[in-house]
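Notes for the one structure printed next.
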Amino acid sequence: MESLEFPISAGQLGLRLGAEVVGDSALELSRLSSIESAEGGTLTYVSDKRFLPRLGDLSGVALLTTADMVRSELPLTFLVVADPKKTFSGIAQSFQRRPREEGISPQAFVHPQALLGASVGIGANSFIGRGARIGRGTSIGPNCYVGEGVTLGEDCLLYPRVTLLEGVTIGSRALIFPGVVVGSDGFGFIPGKDGENPTEVPQVGTVVIEDDVRIGANSTIDRATLGETRIGRGTKIDNLVHVGHNVTVGPRSFLCAQVGIAGSVEIGPDCMLGGQAGISDHVRLGKGVKVGAAAAVFSSFGDDETLFMNPALPARKAMGAIKYLRRLPEIWERLKALEERLGRQS
Amino acid sequence: MESLEFPISAGQLGLRLGAEVVGDSALELSRLSSIESAEGGTLTYVSDKRFLPRLGDLSGVALLTTADMVRSELPLTFLVVADPKKTFSGIAQSFQRRPREEGISPQAFVHPQALLGASVGIGANSFIGRGARIGRGTSIGPNCYVGEGVTLGEDCLLYPRVTLLEGVTIGSRALIFPGVVVGSDGFGFIPGKDGENPTEVPQVGTVVIEDDVRIGANSTIDRATLGETRIGRGTKIDNLVHVGHNVTVGPRSFLCAQVGIAGSVEIGPDCMLGGQAGISDHVRLGKGVKVGAAAAVFSSFGDDETLFMNPALPARKAMGAIKYLRRLPEIWERLKALEERLGRQS
Amino acid sequence: MESLEFPISAGQLGLRLGAEVVGDSALELSRLSSIESAEGGTLTYVSDKRFLPRLGDLSGVALLTTADMVRSELPLTFLVVADPKKTFSGIAQSFQRRPREEGISPQAFVHPQALLGASVGIGANSFIGRGARIGRGTSIGPNCYVGEGVTLGEDCLLYPRVTLLEGVTIGSRALIFPGVVVGSDGFGFIPGKDGENPTEVPQVGTVVIEDDVRIGANSTIDRATLGETRIGRGTKIDNLVHVGHNVTVGPRSFLCAQVGIAGSVEIGPDCMLGGQAGISDHVRLGKGVKVGAAAAVFSSFGDDETLFMNPALPARKAMGAIKYLRRLPEIWERLKALEERLGRQS
């Protein structure tokens, strides 16, 4: 959709969207809101019937919605679309402001042997090392560090203060938030004997991040000891996530905030890891596995499993354990009562 | 209190504090210490009777203390005050060195359409975007990024390497440590169908941080999808904390290190979340709720609740569960023994 | 070992290592690999007999191994050494590329009262404060901040974007990854009364990091309230770790990713804390304690203990609890069945 600007009338918006308008076409819309905080002049959406009672509290609001949720008796304007959330997201994109760099800042350092595609932007105080290759249309914010031999695809957006260390490869359309570090050393040591310090296992592998990956603020992705750490295409990583050496994740997986993935883990396609979930080293998770928030996974699981708890169990078992955990004192008392009765009996 | 310098005699310090001096007024003090590491010539404080036995081991130490803890038979100097910890803190402030910037570094970039109050300091290699407004007396360290349209109040202190993204609002007297990111995108996606990549839900809301907030090193606070993420006044955030989109916290709450708060959570005033605690999305916690370290909260709780465990339970239930958890093998054995006896009996 | 370059023949490599060569000495080697991804022309190592079956799948591979694992009937080249993993690590070091700075960048700021040893390198846009002392051979990457009065030992490597705040002390041969913050304030407050904001307890202590310490990306180490936070020599810290104020760790301890250590904790020598483990404030752990991943330790333990679970228990107790946790629904049912039988009996 072409970029949109407020104010716009509900009728004009309906035309732009090809949406049927039920209610006041002249209603002027001046901002987006969620259904919870909708008020006169806002555009919002409803895609879940549990929000229908909320509609009675509103007036002068335009709602993107499916045909079955139209309530023409209410003082509201309905814009009927097939997928309200998706349409709303498309509109919201017009209002998203992202800091893109235009041209190469004279305060940036770009090594003469770096290769830059067309329309690359590089912010002040950023460093682009020898042999780095930056694809066309990629924007690198201020205070970034792109190490020697790094490859960055096309149309990436690096926010300020991103660090990509030597030799890592990032696909196209990457979205990388501030403070991210890609390519730090994996954590591997040979313990010392008799009070000697441990010695490092050199980490000489790399990181490969496929297309359309998003990495949240202050997350870290370690390089492999040998070979590569790989983030599959379309995988979305939230803030403060740790991905250890030699891990494979994705494609199309979600790692919520503060997830930690230890070394050599393999996570299949279409997985979803809740916030603060942890995966122990060498664990394998199949396709479509869901791991609950704050769960800790110490063994491998196959496709489509749902896991909860620390240590993690399949959902049904976990739910059973959780249900009776809080009744443990009662179990104890009832067990003692039985023993006493039996003591009396025998 | 006027700034204080060592060395100072116990008598002079008593005069400055308006404190009664019991013991050697001429004792010269040259540094601060905790009671555990106090030695000749140090100033410390005691506010808890359990440290009284420690006093017998010391000599030549000055102690801030309340009248009831004076032990005049010991070779110590007592300075009698109403609130020893508070007085000690006040003195310690004289010795706190913070890196404040004086003036605008010629190596900083300040957009001509940014508005700076009086006595603003900006360090080298920092970036201040278009339309940013910085209140008087605020100091911004080197290598910071203050995006377009950001509002920063008065007398804030930004350590080096802080990132405030587009349009966020920070109140007065904020204290923000290195590596903090405010205004990164919330984590919201529409899953793709049939192997398509997920598409992002645009995050077009903002972050509002009220007055007197402190944000620890490398913490991240996401902008709202729509509307705002809000940190209430006087809230104190430790290191490596994640606050998701559309969260409301505070006022006057404490988030200890590595706390994770998922999207749309509401945390009331005067709450205290222990280190590594996690709060699941859409959970509401009332006023004065305490969440233990490493607890994971999956449902809402009212005022003054204390929660422990993963998944979190109210304290009494949690303590019961924890008590018998370690006795589960014994419960199992005793249950089997009963079954065997009954088997024999029936 | 002198630095090594590929390609090299197995025979030449054997000579360099003083290793007996069994198999094709002319085999040309062009890269390192793990045993799992070994293929023709790679050099790998085997130190564990469980990988022996894998050897049957390979040809044209050179293996560093001990004498007892040589299988001369296979189309492989064996290089016999005493400690294959250690020898392999030594070779891998030749291929490790680290971004070392040569000389002082004209874009760095170095305070005239800072003291730099011989052969110090400082990258662009880095800041070295008044009174800082940097030992010979230390390299500081771009966009670092070394505050007033910081002491850094010899032959340290600071990656880009490291922040060392006022007055902290770092030993020799430190390896510090991007985004690390050392010397941020400890988290201590005096709560306000009647809705007043909490007031900060000034943090006027420091951080001392002994020799040969490694700190992973985006980790944070807080300064002490009074006295010092101390990381013992040879301690290795992974990414996104939090170390609170007045903590003592080490020497030779391992803190895996996302570990959190609250204030005033003491962790003895040779400890190993798994990923996401948390240690509650004032806890003491003795020598050689192992804490499992995602365990939460709320009380002190002596030497050589192994701890699992949240809340943490000694290994044997934890394993018992975990074993029967998943059988809680069954325990419940069997307990009820007993009660019913006894009800019928009495």
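We just call them A, B and C in the order they show up, numbering each chain from 1.
The rule we apply is simple: a residue touches a chain if its C-beta (ideal position, glycine included) is under 8 Å from a C-beta of that chain, and two chains touch if they have at least 3 such contacts.
This is a predicted model, so every value here is computed, not measured.
Asker: Would you kindly state whether over half or under half of the residue numbers at the chain A/chain B interface are used by both copies, giving same or different?
Answerer: Different, since most residue numbers here occur in only one copy.
Asker: Given a C-alpha superposition of chain B onto chain C, how large is the rotation in degrees, taken in steps of 5?
Answerer: 120
Asker: If you average the CA atoms of chain A and of chain B, how many Å lie between those two points?
Answerer: Averaging C-alpha atoms per chain gives centres 26 Å apart.
Asker: Which parts of chain C, given as residue numbers and ranges, touch two or more other chains?
Answerer: In chain C, 125, 143, 161, 179, 218, 240, 258, 276, 310, 325, 328, 331, 335, 338, 342, 345 touch at least two other chains.
Asker: Within their complex, state which residues of chain C touch chain B.
Answerer: It is residues 109, 125, 127, 129, 143, 145, 147-148, 161, 163, 165-167, 179, 181, 184-185, 187, 189-190, 192, 195-204, 218, 220, 222, 225-227, 240, 242, 244, 258, 260, 262, 276, 278, 280, 296, 298, 310-311, 313, 317-318, 320-321, 323-325, 327-328, 331, 334-335, 338, 341-342, 345 of chain C that touch chain B.
Asker: Under the stated contact criterion, what part of chain B meets chain C in this complex?
Answerer: Chain B residues touching chain C: 32-34, 37, 85-86, 89, 92-93, 95-99, 107, 123-125, 141-143, 159-161, 175, 177-179, 212, 214, 216-218, 233-234, 236, 238-240, 251-252, 254, 256-258, 274-276, 293-294, 309-310, 322, 325-326, 328-329, 331-332, 335, 338-339, 342, 345-346.
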